[in-house]
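To keep things simple, chains are lettered A, B, C, D, E and F as they appear, and every chain counts its residues starting from 1.
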Amino acid sequence: MMSSDLLRWIPLIPLLASAINLFFGRAIGKRPAGALASAAVGASFALAFYVFWQLPASGVMRDLVYTWIQSGSFQINLSFQVDALTAVMLLIVTGIGLLIHIYSLGYMAHDADMVRFFVYLNLFIFFMLVLVMGDNLLLLFVGWEGVGLCSYLLIGFWYHDPNNAIAGNKAFIVNRIGDLGFILGIFILVAELARQGVWTLDFAELAKQVKLLSPATITLVTFLLFIGATGKSAQLPLFVWLPDAMAGPTPVSALIHAATMVTAGVYMTARLHFLFALAPATLALIAVVGAATAFFAATIALTQNDIKKVLAYSTVSQLGYMFLAVGMGAFGAAIFHVFTHAFFKACLFLGSGSVIHALGGEQDMRKMGGLKSHMPRTYWTYVVATLAIAGAPFTAGFFSKDLILWQTFSHGAIALWGVGLVTAGMTAFYMFRQLFMVFHGECRADEHAKAHLHESPAVMTWPLMILAAGSIFTGWLGAPEYLWGSRWDHWLEPIFGKVAHHGAVSTELLVTGLTLAVVAAGIYLAYLMYGKPGAQPASVPSGLLHKISLNKYYVDEIYDFALVRPFTLVAKFFASIVDPWVIDGAVNGVAATTRGLSTIWRGLQSGNVQHYAAMFVTGALALLAYYLGQLS
Amino acid sequence: MIALHNYLILSAVIFSIGVIGVLIRRNLIVVLMSIELMLNAVNLTFIAFSRYLGSTDGQVIVFFVMAVAAAEAVIGLAIIISVYRHRQSLDPQEMQLLKW
Amino acid sequence: MADASPQLQHVQDKLGAKILSASEPQGDDVIMLDRAGLRDSFRQLKEDPDLSFNFLSDITAVDYWQRQEPRFEVVYQLVSLTNRRRLRVRVGVPESDPVVDSLTPLWSGANFLEREVWDLYGIRFSDHPDLRRILLYDEFTGHPLRKDYPVNLCQPRVPERHVDGTFVDERSKNKLQRLQKTLAKKH
Amino acid sequence: MIVDLAIITLKAVLVVAMVLNLAGVLGWIERKGSALIQDRIGANRASIFGFAGLGLVNTLIADPLKFLTKEDFIPPKGDRFLHTLAPCMALFPALVTFAVIPFGDVLNFGERVINLQVASLNIGILYVFAMGSLGVYGIVIGAWASNNKFSMLGGVRGSAQMISYEVAMGLSVIGILMVYGTLELQDIARDQGTLIRDLMPSWLSFLTPIVGWLPAWGIFLQPVAFILFFTAAVAETKRIPFDLPEGESELVAGYHVEYSGGKFLMFFAGEFAEIVTAAGLVTTLFFGGWQVPYLMRDGFHFPWGGTLLLPHLLIVLMQVTAFTVKVVFFCWVQILLRWSVPRFRYDQVMRLGWKMLLPLALLNVAVTAIWIIAAQ
Amino acid sequence: MKAESPELPHEIMELQMGPSHPATHGTIKFNLKLEGEKVLDCDVEMGFLHRGFDKSCEQATWTQVIPYTDRLNYASSLINNVGYALAVEKLIGAETPPRCQYIRVIVSELARIFDHLTCCGMAASELGAITVGFYMIEAREMITRIIENLTGARLTVTYVRIGGLKHDLPEDFAARVAATFTTIRRLLGDCDSLLSRNRIFLDRMSNVGVISKESALDHSLTGPILRATGVDYDIRKAFPYLVYDKMDFEVPVGSHGDNYDRFLCRLREIHESMRIVEQALKQLPVGPVWIDDPRFVLPEKEKVYGSIEGLMHHFKIIMEGIQVPAGETYSAVEGGNGELGFYVVSDGGGKPYRLRVRPPCFIAMGAFAEMIKGYMVADIVPTFGMINMIGGECDR
Amino acid sequence: MDTASFIFYLLATLLVIASLLVVFLRNVVHCAMALVTALLLIAVMFVTLHAPMLCVLQVMVYAGAIMVLFLFVIMFLNPGALEQQRGLWWGFGTLLAMMLAGVLVPLVATSDLPADPVAATELFGSPEMLAKSLFSDYVLPFEIASVLLLVAIIGAVVLAKREN
């Protein structure tokens, strides 16, 4: 284990920048403030890269800042650690973060509150880094809550529109439900370990001591932790907040709600893999939830018309894939998908942002089309990213998704694999649907928007291009054995152990081929329905299923009907009956009683300080006398 | 040599005398001064313990007590001035706004 | 009167009937003013842009006891700083009703000067804000610059006045009381 | 044991006698000095059997005699006890402060090594401030016990002024303490025996030929601190331009307006003793104390090479003389100041203390700290 | 006793400054209302030095009044002499010979220098700059010596007579004056460098005791206090008397009306006065110093001792006084502190029927409360100092 | 009786007397002066307990600053009248406090405490030692104390300032 004071600066630099912008941002101006924020993340990225480079093959770097909580033998440090897993996450957070900061310089250039935006964004980076770098569960939880806060702030960034504020609230509340599970899990974990005489929340220590726990406890703990993950990572049934979160600025959607924060659940499970690995029941549940989420979200994405909503549901779907992998125990594959997904999804979001930017805020795909010629760079990067997410061969998505599907298949979960396969096809379909609706065909935008069509500035397109490149090449790190082999698994080996390879290469190839076929079918279908010259994207046949999908399975309505309404009713009942009669009655009754009694006792309340002091002394006297009596 | 008891008894006596002042004096300034006396009795205890246990901590705490006493005196006297401005009196027994 | 200087003529034209008489002894411009509406006359002298006697130099009085009627004359010295001219204003005040309009509303400087005239001549000034004795002490009887004030008159001795806020100790208080008693016996 | 006690007593008596005598002499010097400045003759009336020539001696005796034979007036409504106590409280701190000021290096007397300082405290300078802060009581109590509004105003002014300037004074000394790294005044005085070239950091060695020959006196190392300290010290002695508590033309004589005779003499002597103490402090902190440049324990060692060995007693004598001369010089500076400048107004004094001296002192501390770190 | 008003009366301290207080040189008393050290209100109580000047004059012959005038503003007694003589001469209708007029100008200006040096020096020393005060007193002492040499007295000179002067200038007068002025200029230079640009002194003087131009006129202020506010009202220029119209001098005016401007005005007036004296000495004509009118002029001593007519003449003038024609007049000169006016009423007898002095510092004290309100206790010292209240003149 | 005991008992006697004077004198200024005396005696006691630094601080801070502040306020308010008669309450309060002493004294007297001081090193109670302790182990309380003082200053200014 290495120790390095360097680590603390990785999160601290963005925090400092955030503080500087918070206090002096207005003074130093919008652009310098943005540049400062970007530079801070850049510095963090450089440091992270340096750390990544310096990281010994099997080593862990650690930086103890100070002891945070010291209570008996229970000690929580404010300390950071970097191991292989964290290093990857670090690079994702700071790297993608940097690109998105730069992109935001262009995207937010006309916003009056740009300084505030960067304050939040830097703060988010800080918390995300705390989340991934914390060496104990409590610190992780701090980061977890911190990113939740930043997410809330950024979703409601344009708080003048009440809908945005409501979306922010929704995200926050839904996350709370998950967090409740999460913190309960932590409590139970601490309590159970403490019963065994171990007071710790350090990951390293936990990994050693986890054997002390009974299987039932582990299952309970992991289940509760997973509830937290479903909240943060938008899994069934707590996914509803993510699509609404698109109310925030697009760079936020790209950074927080696609690339980094929502993958925190995956990261958490991976970080605690030693715990989850001991809970097969939870893993099974995770797998089922993951697959179901993937499928379910994909079906919704098929019909959405809002460019960002499609991407949002696609994110939920992809997160489902990740959890599917987790459920299979293939943590490495899950993290790999997190990694590749970060690139192409960020690219897609930023591309959509570029489109929205060009169209002056228009998000409805039915009012787009034919943008290919107007925005060539955006278009081509978008194509690359779409291919990647769809799983076209030799793109990043191909490798990572294929790995997950293969792991599922090879673990024998054929049913789940089937779901995944269909989802892959649907992914290809809705992504290409989107591509065709946005960039191909005729332009359906209104005249005013048309006149302003333009390619985005270089600060926005350059990140796009870098991300597009990443969407292709990052996958090559994790190529299957039949190609050049996975460096990825090798890298994560010290954490997750050696990846076992079941099944024959031929089977694997067969499965891959099957996947490709389904994907190709999806793409073709999309072409037929939306991309073919003469297709009318706006008037696609509508049936019951389509309607259900378009309305997102009425999940919000169901929640509203099943949960919110009853709650409101109960609340109304309490407000109109219980509160005025029972509670107020009790309170008033107590007050009346008190008043009655106090008429007797108020003689003591002379209002004279010295009388009170005398009573105080009398009390102390009594206590001391009692103590003296005990002594003798 | 003097035992630690002696210091403690002395400081207990001083403390009790301070309590008398707090209880009976009808001038807020003297009440505040009595509180200072009580604080000093406690300080003496700390120093005596520090000496007899060979630990610095007692002295450090007395240092902090002094800082707090300074703050307390400043605020207390400022309050007394305000009170005097409004009520033209320093008698705590005349200040009975808290009386039911 | 007929050969009045242009300046004096001007003043006469402006004030008209208020002027009882005008003369120029030793080249000074002197006017006698009517006691009634005195302040208005002075206001006109001060504020009329043609006259603009804006500077009150002095106020005093003369007691012509048994020489002329009215017995007192209050004498004002005015200066016009703009025209560089002086004007002396005399106002007759009868002994029976020694009251003159105060000029303090017009010139703050008149405050002390009128107090002095009151102190020494006993001429009162109506509307004066603070007509107290100024040079003499409060217990002084009579007004010494009147011609009928005997030069060798004895004035009452007065004990030390106790002013709130000064410290008078017991010993001095007893002394004072003794003094007051002896004084009371004498009078 | 007995001998030690005797030596300490002797030192104490010597120092108190020196301070008191110097204070008395200063009374005469002030008269004569002001007369010198103002083209007057000055005090020339005190004579012994018609012989006025020995003005110093005569005045030294005549002044206290005159005071002591005057009526000791206590205001009838004043507080008799405190009125009597106050002058003692004013004089006492001024006298005892000198205990920690060294007036020479060690005196070797056979086997015995005598430290030429009454009390060697490792908290030396803090003791000075502690005693200084007690000096306020003389003023406040005297002012209150006189039961006079003018003295009350003077007392209020005095207490505010002294507390304010104590802060500035304390902070200005911090720089010196940082440089010499000790609170003990004898050590500070000893440290000033080195030369600047010994303290010069290597990256400033090119300056050594220019200033290296200077002794490492506080004035060269902490010039700003000297100005601040001296200003605050003058303010602490309550003399012009800081004589607000007395403010003779506005408050008559301020806090000692109701004092006469012997008690007034004590206030008077206290003020001059404070001058001497202030001069002693300035000398010790900034002007090498008893150090004679280049004079080491065995003789002169000149920076340009020469050495002149001297007998021990002569060296001690030179040191004590040097100290005395420096102290007298700074007393004279204060007297000169008193006759040269007008008096501040109360608010101006406060403004100077809190808005000028205090920030400057803080800045000086910060700069010194940076310098010390940089020099390491 | 509970105070109902939000004003906090108990915090207002009543302080009685004077009549024997170092700041109130001359006897005067201020009843101050203080809030902390801030002056809220000031009531001036005067009259402690009241001698009954007016009443005394009514009992003395016209000539016997002259020593009384010495004691008005004793710092500039020569000006008082001159002012009184001018007033009586105006009533008589006599004009003195040119040499007499020149000498009167010279002595007036010497007295003015004396007065201003006293004022500035005392103000400085009251502010603690005692050395500067002593320098100015030293300069004043030189003037005193000249005056002593001329008149035989230092303060109460009684030099001017109705219709002339006690005697002509001594032989070496011009040389003495020249030597003295050199020294005074050097001393004033010292004072200037020690004081006028001294930061502490500036802070104490400037923006203290401010009175506006309008308020100053309203309060009938004259002299340096009025001129410091920017009004160039100087009797010597506005209503020239004697031979001031033949002199080349400036009237220094200030701009702020604060103590510092008053101080500077007085300092510059000293320089102007020295210029006037030098000019007058240069232009001094030869001739008699008495008017040629036996009704008012004492006969020469030889005649008094040598002839019965002379003796009778002398006896009549001394015992009955000169017979001033009945009438009344007002005549003003520029005194040290401002317009020094004499209102003279004669009933034709040998004694004044009424003699009124317009005392400039009495009137200035009327404005003192206005000047000091809102400033601090310590500001009373320079403000009062720059008014230069002289008890003899103020209370008479 | 050895010297140390003699000094202790002398100081203790004086201290008790001074404390009683603080509480029972009727004139506020006299009370304050008695308190100053008590504080100085405690400072001396600090010296005998090897805490010279705190002795100086006691003199500087308590006697030199806080008590001057008290005097300042007493003079500022200058409550002319002496305190009113105390009546019954007087006896009751005194009795109560005496009872407190009656409990406290046996309580501390019977506890098991070291009878002899630990041999003090040269550095014990010196500024260096105090400073080291203050700026290493107690640096956070130190900072908090400084913030507290700042707050006290601001609070005092706000409280004592007159509204206009």
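Just so it is clear, a residue touches a chain if its C-beta (ideal position, glycine included) is under 8 Å from a C-beta of that chain, and two chains touch if they have at least 3 such contacts.
Please read all numbers here as calculations on a predicted model, not as lab measurements.
A.B. asks: Starting at subunit D, what is the smallest number of hops through touching chains needed to reach subunit E?
C.D. replies: Contact-graph shortest path, subunit D to subunit E, evaluates to 1.
A.B. asks: Sort the chain pairs by how many C-beta pairs are in contact and tell me the top one.
C.D. replies: Counting C-beta pairs in contact for each chain pair, the top pair is B-F.
A.B. asks: In angstrom, rounded to a whole number, how far apart do the mean CA points of subunit B and subunit E lie?
C.D. replies: Computed value for the inter-centroid distance: 64 Å.
A.B. asks: Between subunit D and subunit F, what is the separation of their C-alpha centroids in Å?
C.D. replies: 30
A.B. asks: Rounded to the nearest whole Å, what is the centre-to-centre distance of subunit B and subunit F, using the mean of the C-alpha atoms as each centre?
C.D. replies: Here subunit B and subunit F have centroids separated by 7 Å.
A.B. asks: Can you pull out the residues of subunit E that are in contact with at least two other chains?
C.D. replies: Residues 8, 13.
A.B. asks: In subunit F, what residues contact two or more other chains?
C.D. replies: In subunit F, residues 53, 57, 65, 74, 76, 89, 92-93, 96-97, 100, 104, 107, 111, 162 touch at least two other chains, as defined above.
A.B. asks: Where does subunit D touch two or more other chains at once, residue-wise?
C.D. replies: Within subunit D, the residues that touch at least two other chains are 149.
A.B. asks: Would you mind writing out the residues of subunit F in touch with subunit A in their complex?
C.D. replies: Residues of subunit F touching subunit A: 89, 92-93, 96-97, 99-100, 103-104, 106-107, 110-111.
A.B. asks: Applying the document's contact rule, which stretches of subunit E touch subunit D when the two form their complex?
C.D. replies: Touching subunit D: residues 13, 15, 21-23, 37, 124, 126-131, 134-135, 138, 194-195, 198, 200-201, 203-204, 376-381 of subunit E.
A.B. asks: In their shared complex, at which residues does subunit F touch subunit D?
C.D. replies: It is residues 27, 29-30, 33, 36, 52-53, 56-57, 59-60, 63-65, 68, 71-72, 74-76, 78, 126-127 of subunit F that touch subunit D.
A.B. asks: Please give the residue numbers of subunit E that touch subunit C in the complex, ascending.
C.D. replies: 13-14, 16, 46-47, 50, 52, 54-55, 59, 90-91, 93, 215, 217-222, 231, 233, 238-239, 327-330, 332, 339, 341, 343, 345, 347, 353-354, 356, 358, 362-363, 365-367, 370, 395-396
A.B. asks: Please output the residues of subunit D touching subunit E within their complex, sorted ascending.
C.D. replies: Per the touch definition, subunit D meets subunit E at residues 34, 37-40, 149-150, 153, 157, 240-241, 243-244, 247-252, 339-348.
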